[in-house]
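Here is the structure we will look at, set down as structure tokens.
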Amino acid sequence: MTKKVVLAYSGGLDTSIILKWLQDEYHCEVVTFTADIGQGEEVEPARMKAQAAGTKEIYIEDLREEFVRDYVFPMFRANTIYEGEYLLGTSIARPLIAKRLVEIANETGADAISHGATGKGNDQVRFELGAYALKPDIKVIAPWREWDLNSREKLLAYAEQHGIPIEMKRGKQSPYSMDANLLHISYEGGILEEPWAAPEEDMWRWTVSPEKAPDNSTTLELEFVKGDIVAIDGQAMTPAQVLSYLNKVGGENGIGRLDLVENRYVGMKSRGCYETPGGSVMLKAHRAIESITLDREVAHLKDDLMPRYANLIYNGYWWSPERELLQKMIDASQVNVNGKVRLKLYKGNVIVTGRVSESNSLFDTSIATFEDDEGAYNQKDAEGFIKLNALRMRIAARL
Amino acid sequence: MTKKVVLAYSGGLDTSIILKWLQDEYHCEVVTFTADIGQGEEVEPARMKAQAAGTKEIYIEDLREEFVRDYVFPMFRANTIYEGEYLLGTSIARPLIAKRLVEIANETGADAISHGATGKGNDQVRFELGAYALKPDIKVIAPWREWDLNSREKLLAYAEQHGIPIEMKRGKQSPYSMDANLLHISYEGGILEEPWAAPEEDMWRWTVSPEKAPDNSTTLELEFVKGDIVAIDGQAMTPAQVLSYLNKVGGENGIGRLDLVENRYVGMKSRGCYETPGGSVMLKAHRAIESITLDREVAHLKDDLMPRYANLIYNGYWWSPERELLQKMIDASQVNVNGKVRLKLYKGNVIVTGRVSESNSLFDTSIATFEDDEGAYNQKDAEGFIKLNALRMRIAARL
Amino acid sequence: MTKKVVLAYSGGLDTSIILKWLQDEYHCEVVTFTADIGQGEEVEPARMKAQAAGTKEIYIEDLREEFVRDYVFPMFRANTIYEGEYLLGTSIARPLIAKRLVEIANETGADAISHGATGKGNDQVRFELGAYALKPDIKVIAPWREWDLNSREKLLAYAEQHGIPIEMKRGKQSPYSMDANLLHISYEGGILEEPWAAPEEDMWRWTVSPEKAPDNSTTLELEFVKGDIVAIDGQAMTPAQVLSYLNKVGGENGIGRLDLVENRYVGMKSRGCYETPGGSVMLKAHRAIESITLDREVAHLKDDLMPRYANLIYNGYWWSPERELLQKMIDASQVNVNGKVRLKLYKGNVIVTGRVSESNSLFDTSIATFEDDEGAYNQKDAEGFIKLNALRMRIAARL
Amino acid sequence: MTKKVVLAYSGGLDTSIILKWLQDEYHCEVVTFTADIGQGEEVEPARMKAQAAGTKEIYIEDLREEFVRDYVFPMFRANTIYEGEYLLGTSIARPLIAKRLVEIANETGADAISHGATGKGNDQVRFELGAYALKPDIKVIAPWREWDLNSREKLLAYAEQHGIPIEMKRGKQSPYSMDANLLHISYEGGILEEPWAAPEEDMWRWTVSPEKAPDNSTTLELEFVKGDIVAIDGQAMTPAQVLSYLNKVGGENGIGRLDLVENRYVGMKSRGCYETPGGSVMLKAHRAIESITLDREVAHLKDDLMPRYANLIYNGYWWSPERELLQKMIDASQVNVNGKVRLKLYKGNVIVTGRVSESNSLFDTSIATFEDDEGAYNQKDAEGFIKLNALRMRIAARL
């Protein structure tokens, strides 16, 4: 018997229907939780709607700083990309929501949580694995897997029947299923279900097209401390400020659009379009600062493990012990990742034009130089190096 | 006692000096080998220069098709990138040169080979590991590691002293150390030895800057068979034709510039700038066609092993048994990588706008759809999937 | 509507109950499939029992050679061990059963298959992943996940009620849940559910204890061709003969007992005891022949991927494309794994006392020797080798 | 100009010759460093010999506790094995020696270090990589790579000529090249250079043969805290005491002999025999305690990375940043590895007979049980788990 359930509530049509449906089906009290993680929509309106639906306990929170500081930045320390392309914008927001759902359940004495993710997607997995890892005996109610409102028509009929106002944003404005937070906005569904069809230009919301971006480039200097950006053009910023700013200038310069077919954890391929302007800038810059501050083998170790780490995040294992172990190693690798990167943004391009680290640069011109190095490097050493590396192949070739 | 040596001879100043130096120091006969691998310079002039220097056996060969078909394409089947950025343009040409040097040594009865790579770089390793793997008892003469001509002045003095014409191309025209083949052109040295300094615009040779690229985009349709491009815009092409064409349209659209600091196998960091217009297009397109034709776990296995495979190529282990094993697996993965990718090239951007595979698409709209799937996928299955994946974490959390 | 189902039928109590239950619950025809994969029990009696239960289509097959040749041997080429200890004896038999179930379904026009594996274990996963991979629209009936006969008492009551003779072997003789095939016999349940409790001596069936093994050792010479054993002590043998013989001499010498706690794919830890006498001998011998015939980096590549390959088999992904790709690479690595290994078996120990390969040994005494090597190896090469390998660390340490 | 060199001095013939040779060739002062790392020979006699040779600064140290605590135990936390067999007994001692050589160089103002490892082996690499990583501008003198005393005869002649007493242990007593420390003793050379020849029984020094081991087994209870053994049979012990004790009882029971062909970092294969009685016990026990306390995916992550970590140690990269990063992760994984393991030692066998962890066991009988679990695990969940894991393969199979 479920007595009280914490619902991840956006204030939109779908979760408003869920709110009602939970009350009716489970005869339980619903606590709503609405977070500002940078999706770019007001969260306060959710309060009134929740109240109107009879909700007594309403949580509305600004989690933007926590989101970027504790989730986005740690992920970028690993140069994380899923399947060679995707910057994991949706994936990385779910663990934070899962954590808050569980914490609110603890605070309010709720015995269940609920969310509006469908049974076909990755998000259900991310919410639920997180919740179970943090509170193993929590009950999870996933209405999309339970009810029979499996088409837009049925949903609208249900809304009408139960007096839920349907002039809600998402349902109206877009033929796409969208998700947004400070790292990205995503689009699925509609014509995107045909992988040969290009997305319509008016789908994109955060970026101008490269074609429409300004004819003049924008130059940025990003300062890194321990692998995280702490200042832009000399101006200290908080993590959320960094990402907001980079989203703005990145978006203005047509940066960060992505259109791909990805493999979902639940087994099917799925087409998605993403806008990740700030993240695209951060990834490029982070690799650049690492290129002069990271030991080669440390960098290669990170590269070797990156796809595994990306999988963990994509599949919803943020709160798993193996992700935490990998994070420890990744974070430890960043101690010397300090310095500055100069970038040029221009019509969709992120161009590194300089990288420097006052105290941690491993780039040693005296050794690398093509000019006379005055004995810093003994070229004759290379002969022995090659000879011994070749030895096993020579022995084999002699057979 | 070396009697005859096969020299990788470009016809430029450096290898002309080496040619003379080998004759003088080793009192041996020199066979010159000059290959057209798409570096964009005439190879025939090398014949006269070699003859003028008294060379009797002169090999001048057009290896462009072999280079792309047997080296570049196999590498791109793995989506190979070194250190997250570098497309391995120089690395992939060396094994072919090494192989031909050895074959020519066998044909001409030479007991040694020689090359013009310095003792600080990766290329010496790539040439020599290849040679040793293919002919274990070959002698390798690497003049840069032996002689004391370790500055431009000494080289020029030597040339003058021995009557070697110094109006040679490379020494004159550029302050950079360059290397080119059909896949890319690279720049090192000069002001690039300062990682904070941006390269000068007039350094770049194969691409226009994104700023100077046309205001109209170019659309391409690439057809893949077993992971390789076999036709562009409906026109069948050989491998070298494919790459030449993509270099042309890529370069015109400002695509493929790269500026990075990389880790050399011999232990130091080094700044390099690269132009890889065609390769940049191919990588993006190959990932796109794989995204609909490759099984998820096969794709992930490839991604997990890619950095290792890239290391092998970068470090010169093309002819090693471990590279050959990996290649077998990579090639086997490409059997179903058939179909078409539509791309838009615009001012430095390579934008995928469609991918389709008539007979090998694993993208199943009937399952992926957000609309009613008529039972193709049972959403309730997700509950068990999540529950069992969560089980180990729940047990741990209960402790 | 299920019309005909192929049942993996052992002839034992559990699957006899399932046979009846399928007829009653699904009102469908049942085809029985009983295979001899070396479990050490007669399979013919299953025919009468199946007939007595009204089965019209009865498949009874000797799959021992196919099992060892196409499943066990390929797995041993990779030196496969799960979680550092387990030789995957149960796991490797399931794909063969799954394949035959599907083939028989195709032959008999059945639309479903059924098996007697519980919903808690790995075997259900292995059967069903295999079946779905080979025949995607097959229906799978897993009675243990459906019925309410979830205790021994209920099972026996059902048997009695439906006239199923309960003087069956497995239920009677052992408090353990057992599984056997030519590679191993396994024990679970009973007192093993307490990990601090040692198994009782009389549990073990295939091996004597080391204490009771003979005081004299047994010496064997195993001959390998392409990584597989083809002869023992000069006597050519088929794969199943090899494994049978090694089981016999291994078991007599107290070899191959294992007692461990392992992690199941479905999420819980489980205690298992295993006897794998022949497999234990094969693993040790295979590593020994590889030690002289395999290139170092090939061996390391195999070692790096082995746990992943083991996971695939343990988790039931034998028929997956990623396992097949890995297998291609593993098999290709074995081309030169030819030669002989001498072993001593003594009271639980498998001791390698010699390995030799006439045409494929990479062990080169002239280089390895501590004596004067007459210039085969230039010790001075080591200095350059070390210097360049140290370079990155020296640059870092200077900071 | 080398002024003062710190020599890793065993007091044996070889390093006594080196001591003299350094004085003569380099005209420099020599500081001797002799460490007791459990090799089982007195270190004090080295003092007199060093004094007799005119050494003014003599370091003689008991490093056994440091060796086991800071090197052996951390390595065993990873279940480290090189090439499937070798427990890295020699490899793990070198980093400690390298560190002390550098520290003593710092203390005594020496500008160089020297060691007695040959140019063919791994040990030179381990010493020198360590030294360079810790003190990048140290000079390393490796006499075996420099001098022409490349045979036993020449060495003895040199000794005689310079009045070095040759009644030294190692040269006399064994035809094998040996190395010992608290973890193991190794044998190379002599008849071992023929891989088909079994070692002679009288070669082994630390263990009796299984045949000669007692007819009664020995039972041990090992207590682990954070992955390290802290007590045996209820008796608290220091790390070195633990290993000494296990060496003793292991050796008495014929445990820990190993005979293999391994791949050296310098490129050749080499035959080695090893006795690692205590280490063999520790490895088995550590896996057993991890089997109930470690999360599955953490265990698999460790297993996947183990060969890489083993390579780092084998190849001499203990003091590299990548080893240190991996160690951080490994150590972090051990927080919950607490509990007891019961073992039986018998004639070469290490048999786990129980494992228990009061507060960290993840083994949950209520879920694992074959009996009625009263709803702890819902078998129906398995269906969805399998269905979604199979989905990608089903889609592919439908093509």
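Going in written order, the chains are labelled A, B, C and D, and every chain counts its residues from 1.
As a working rule, a residue touches a chain if its C-beta (ideal position, glycine included) is under 8 Å from a C-beta of that chain, and two chains touch if they have at least 3 such contacts.
Chain identities (UniProt): A, B, C, D = Argininosuccinate synthase.
Quantities reported herein were computed from a predicted structural model and do not represent experimental measurements.
Enquirer: According to the touch definition, list the chains common to the neighbour sets of chain A and chain D.
Expert: The shared contacts of chain A and chain D, listed by label, come to B, C.
Enquirer: Looking at B-D and C-D, which one has the bigger number of contacting C-beta pairs?
Expert: C-D
Enquirer: State, to the nearest whole Å, the distance from the C-alpha centre of chain C to the C-alpha centre of chain D.
Expert: The computed centroid separation for chain C versus chain D comes out at 32 Å.
Enquirer: Provide the C-alpha centroid distance between chain B and chain C, rounded to the nearest whole angstrom.
Expert: Taking the mean C-alpha position of each chain, the two centres sit 43 Å apart.
Enquirer: What whole-Å value do you get for the distance between chain B and chain D if each is reduced to the mean of its CA atoms?
Expert: 41
Enquirer: Would you mind listing the residues of chain A that make contact with two or more other chains?
Expert: 263, 266-268, 295-297, 300, 308, 320-321, 362, 364, 367, 377, 380-383, 385, 388-393, 395-396
Enquirer: Which label fits the chain touch graph of this model best, line, ring, star, complete or other?
Expert: complete
Enquirer: Flag every residue of chain D that touches chain A in the complex, lowest number first.
Expert: 263, 266-268, 295, 297-298, 300-301, 308, 317, 320-322, 325-326, 328-329, 332-333, 388-392, 395
Enquirer: Under the stated contact criterion, what part of chain A meets chain B in this complex?
Expert: Going through chain A, the ones touching chain B are 79, 83-85, 118-120, 124-125, 128-129, 132-137, 142, 144-145, 150-151, 177, 188-189, 193-198, 210-211, 215, 217, 257, 259-263, 266-271, 287-288, 291-292, 296, 299-300, 303-304, 307-308, 311, 319-321, 342, 346-349, 351-356, 361-365, 367-373, 377, 379-383, 385-386, 389-390, 393-398.
Enquirer: Which of the residues in chain A come into contact with chain C in the complex?
Expert: Per the touch definition, chain A meets chain C at residues 295-297, 359-360, 362, 364, 367, 377-378, 380-385, 387-389, 391-393, 395-396, 399.
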